[in-house]
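Following this line, the structures themselves.
Below, chain A partners chain B and then partners chain C, in two separate complexes.
What follows is the complex of A and B.
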């Protein structure tokens, strides 16, 4: 109970700090919503009138305080570009982004554990070398490029996948879940590569420990040593790494949403930044910070379960 | 050793994949007149666009990418046709008084809004006042059209079918601004559910996804052929191109030259112009461009034909001054031409005191790949005359704020769009103009512009506008490059796709060819 209160408290403080920083950064970059939405032909007077209307001519701290007070009551304001409530805009885009993130995490976990262990039986053996090279390549490929390659290969050459066939989850749930697999692969591959390498190195390092020798000495099979002893110890840093990866996956999905033309949070964020649509940007920043902090909290809880010493 | 071999193999397989990507079919890139074939009525198409709409309210929207789509839903008293003339739309006829001080419009009878209401003079007066900023309570989101607000003294409706505009001063160039959309006066959901009078009506809009319109069956004019058009919004031209390769888009208007050569046989490529004045704009107010010799040296140093060759396969129209041939009779093709001449450029730079080289920064809005690419070619060309140029990519909103409004830059590559009124293209060069972002200043220009604008005699007006272009060229106000080519991929099943001298996608003329149906 105490743990939950402590975590919630730190979540709120983190969110306030992050939202303030993003608000501040946003007020420092050139241009504002009034300039962006009135465009080239507007006169200074037109721009000032709109600034007045949007409250942009007030000092930054006043604007922030105003925003924070409403946000704490669940009101994220109205988008300056779309003239729609921000919560409506964001909520409509959540299913795509969340599904994409969950898929990617699942792929990362399913692929990188077996792949990471493959080479550890004989470090620097043939299999290990293949895996090392593969993970090297995987890490080096940018996600957007991989996205284009995947679309080209599966969508155009093999025709297994409808290019640009994104449908909303309400309209066609099956189509929605099917479409997001390939984008998730594009997000996951570089992360899988990193994770595979990480697990491989951790396992190899653990295997040199004394307790492994002892375990072997007791007559345990290699498989048993790996599963019962090594893996348990490897899990600790791996879980931390996975939690950190959640943030990367979110960032990666922003890029991949552009390539696969998925109307998710990432595209909304990019569009809103270029339109200086600060209510939307703030809401998305808060959402993403929330997601990352929650992932880290889950990792902390997992830690406790894995290692009774951390209690 | 083994490791190396594996790496080589992997690299090789990746390269092969890359080549497969690049290859594609090479057919289908010959221009083909698709406007043939017998039109069939009906059908649905998907048009790819790469810019989300900035508003559905036609008076709030300012992006060219929005206007080109909303053109299908909204009409003004008049609207442009493909030749750049203004034809009657909501108005049935109009009379411009001889002194060009009064515009009288007679409304067409029984024009219906998409919500079923008949267009009344109140609606027209309201719409014009809203555009011109003359309403008692003005929405600050509406961009007031400065040409209208400056000229119009009074808008009245003497009877049920007549609207009269009285002007402050004579102006024969107001018609292009009266394309301002006519909307219902007592309707406040324009931004979410737009209502106009055009050949198509609004169906739905999902931000970042799509904008859907359907045929307006009550249209007073020539009925559209297509039943439904979906404008699908893409994050980038690359994303759209992938779908084009997969064949899920019927029309895509922003192909790059490279994409055009990779297009499949399913599409033909239509070539139009972007109707932009693309230039390396120079800030005449700061060093080194406050020196006319430096500006002239830059004009000589830049090989415009090479830019066209590298970026659009040689397509595009080279311009020597601040107007494009799209402005028909006002365009002056006999201005000072700066030939590509490296020696001359070096000599002029030396005379200006920059014989030992010069470093400049070109600020470019990075969302426009075309201008970014142009800037890159320019940087290479400038090296040959001893100028080291650095490209500083900035976001559009930053460009607007720092470069365009703040005039805090040395040089920039951008394309300026314009209304078909000749004054709209060159008014920014008046020394006192609020949008004179190049800081151009020439008393002769200012006085000639005043003559051009006030003149009601066509011959005098034309002469004055031609003189203005000559002045801009002589002073080398900027390095004018071209009106870039616009490459549009159109499915071969379709006909009727038409280019306009303004930025619009007119879907009412597009049809499925009979044999294809």
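What follows is the complex of A and C.
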């Protein structure tokens, strides 16, 4: 319990530091929100008036405190490109990104465990070699190239889905959930490959330990040794890896959303960067940072719960 | 014992060599000028005069792949040099001297390492703007923590060993011990992480250029070409395959070589 409180404390401190740094960085860029929303040909007086109105000529730390207070109440300001509240924009994009991330994590877990164990019965045997080659290729392929290949085969050659035919979850839930499967595969494959390799190496290393020999000597079946003895010991680093993967999946979805033309957080981030819509960029950066830091903290806590030695 | 042929290394080095050859030749010679447009030869299929066909402006895709490969190589090398240079320095100094600097830098390092590199690089580019040099800066900074961590943990082990104590007794200064005694001993580990870093740098560069946050128009970059090719998948699938397979060959080659080292 004390551990959890301590972790939560450092979580909050980390988040405050990250949000302040990103706020500072964005306030240092030449051309602030006033210039961005009025355009190039606005007069100096107009810009100054808007700056006054938006409070942009106050010291940075005062602006930050102000931003933080409203952010905590869910108000991230107004987008300069859409002229809509940022929080409204972000909430609208959330379902696609979250569904994509959850799908990908499910695929990673469902595929990498069986695939990782497949070759461990006979290390360096034929099956193991095949799995190694597959995971090497999987690790090397860029997610967006994989996305393009999937679009080509399933969208154009086989015509199983409409290219770029994303539908919102409200309009057509079935279509929404079906469309996101392929993007999730594109996000998941490189991560699956890494995870498979990791599990394979961990299991092979554990099998050389004395306790495995003891368990076999006591007459346990090979399956029981694997499931009840080896896997339990492999689980702890694997859980930590999975939490780190969750962050990678988030980053991967930014790129893959672009490939499949999915209006998620990643696409919003990219368009906002090219349109210099800094309130939106700031909000999404802080939002993603939160997600990553929270996932890492959860992993730390899970690790501590799973491993009696750390307790 | 019979010596086994190491296929991983052979295939890996062959793939890297092929792409490197393409990139090196691309620096000096391309069959056509990479940015020359030719309206008469738009969207052509692969043929003898255009190995990979032509794009929507009639530019020769093979020439563009060659130049794109050299751009990608150059950026990745610079990124790894920046990241490894600063990272090694920071890791070695903090581990060797310890103290409050170590504590502060490692905290910063942990926070940065927790973020996926693409996400961090996007944040940096959002602040400093796209472009080749900005991309090198952004990715270079993003790659520092991984090197710092590796070097730090190695130096922590090495500095307790007898040969360091011996060197100290012989009157060697701290700097001398770090550079001439410890650094050569961590070279194998550093070499592996350089290769892994290089693979990540190639992937990140391609990803950033694909998103339009890296190399700017009209210069060819493998990532950018892929995003342009996407619109022509229906009638010109080879346009996407050419840059995509080039990236894949390079990253797969690097992966095979590093997996053998690890």
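Descriptive notes on the structure:
Convention: the second predicted complex is superposed on the first by the 250 of 311 C-alpha atoms of A that agree within 3 Å, B and C clash if a C-alpha of one lies under 4 Å from a C-alpha of the other, contacts with A are read in each partner's own complex, and residues count from 1 in each chain.
Operating definition for what follows: a contact is a pair of C-beta atoms (placed from the backbone, for glycine too) under 8 Å apart; a residue touches a chain by one contact, two chains touch by 3 or more.
Predicted model only: the values in this text are computed from it and were never measured.
By the touch criterion defined above, A:82 reaches chain B but does not reach chain C. Look at A:247: by the touch rule set out above, it reaches chain C but stays clear of chain B. When both complexes are overlaid on chain A, the residue A:18 reaches chain C alone and has no touch with chain B.
In the superposed model, A:181 lies in contact with neither chain B nor chain C. Of the two partner chains, chain B is the only one that A:50 touches; chain C does not reach it. Once chain A of one complex is fitted onto chain A of the other, the partner contacts of A:26 are limited to chain C, with no touch recorded for chain B.
Counting the residues of chain A that each partner touches, chain B and chain C differ, and the larger count belongs to B. Looking at the shared chain after the overlay, A:143 reaches chain C, while chain B stays out of its contact range.
Comparing the two complexes, residues 29, 132, 137, 148-149, 151-152, 156, 163, 258-259, 270, 273-274 of chain A contact chain B in one case and chain C in the other. Listing the residues of chain B that touch chain A in their complex gives 2-3, 6-7, 10, 14, 17, 20-21, 52, 54-55, 60, 62-63, 140-141, 143-146, 191-192, 206-209, 232, 234-236, 238-240, 242-243, 245-246, 248-249, 367, 394-398, 400-402, 404-406, 434-435. Those residues of chain A lying in contact with chain B across their complex are 29-32, 35-44, 46-47, 49-50, 52-53, 81-84, 89, 93, 126, 129-130, 132-134, 137, 148-149, 151-153, 155-157, 162-165, 257-261, 263, 267-268, 270-271, 273-276. The touching residues of chain A, counted against chain C in their complex, run 14, 17-18, 22, 25-26, 28-29, 132, 136-137, 139-145, 148-149, 151-152, 156, 163, 247-248, 250-252, 254-255, 258-259, 269-270, 273-274, 281, 285, 288-289, 292-293, 296. On the chain C side of its complex with chain A, the touching residues are 111, 114-119, 122-123, 125-127, 199, 203, 206-207, 210-213, 223, 226-227, 229-230, 233-234, 237, 240, 244, 247-248, 251-252, 254-256, 259.
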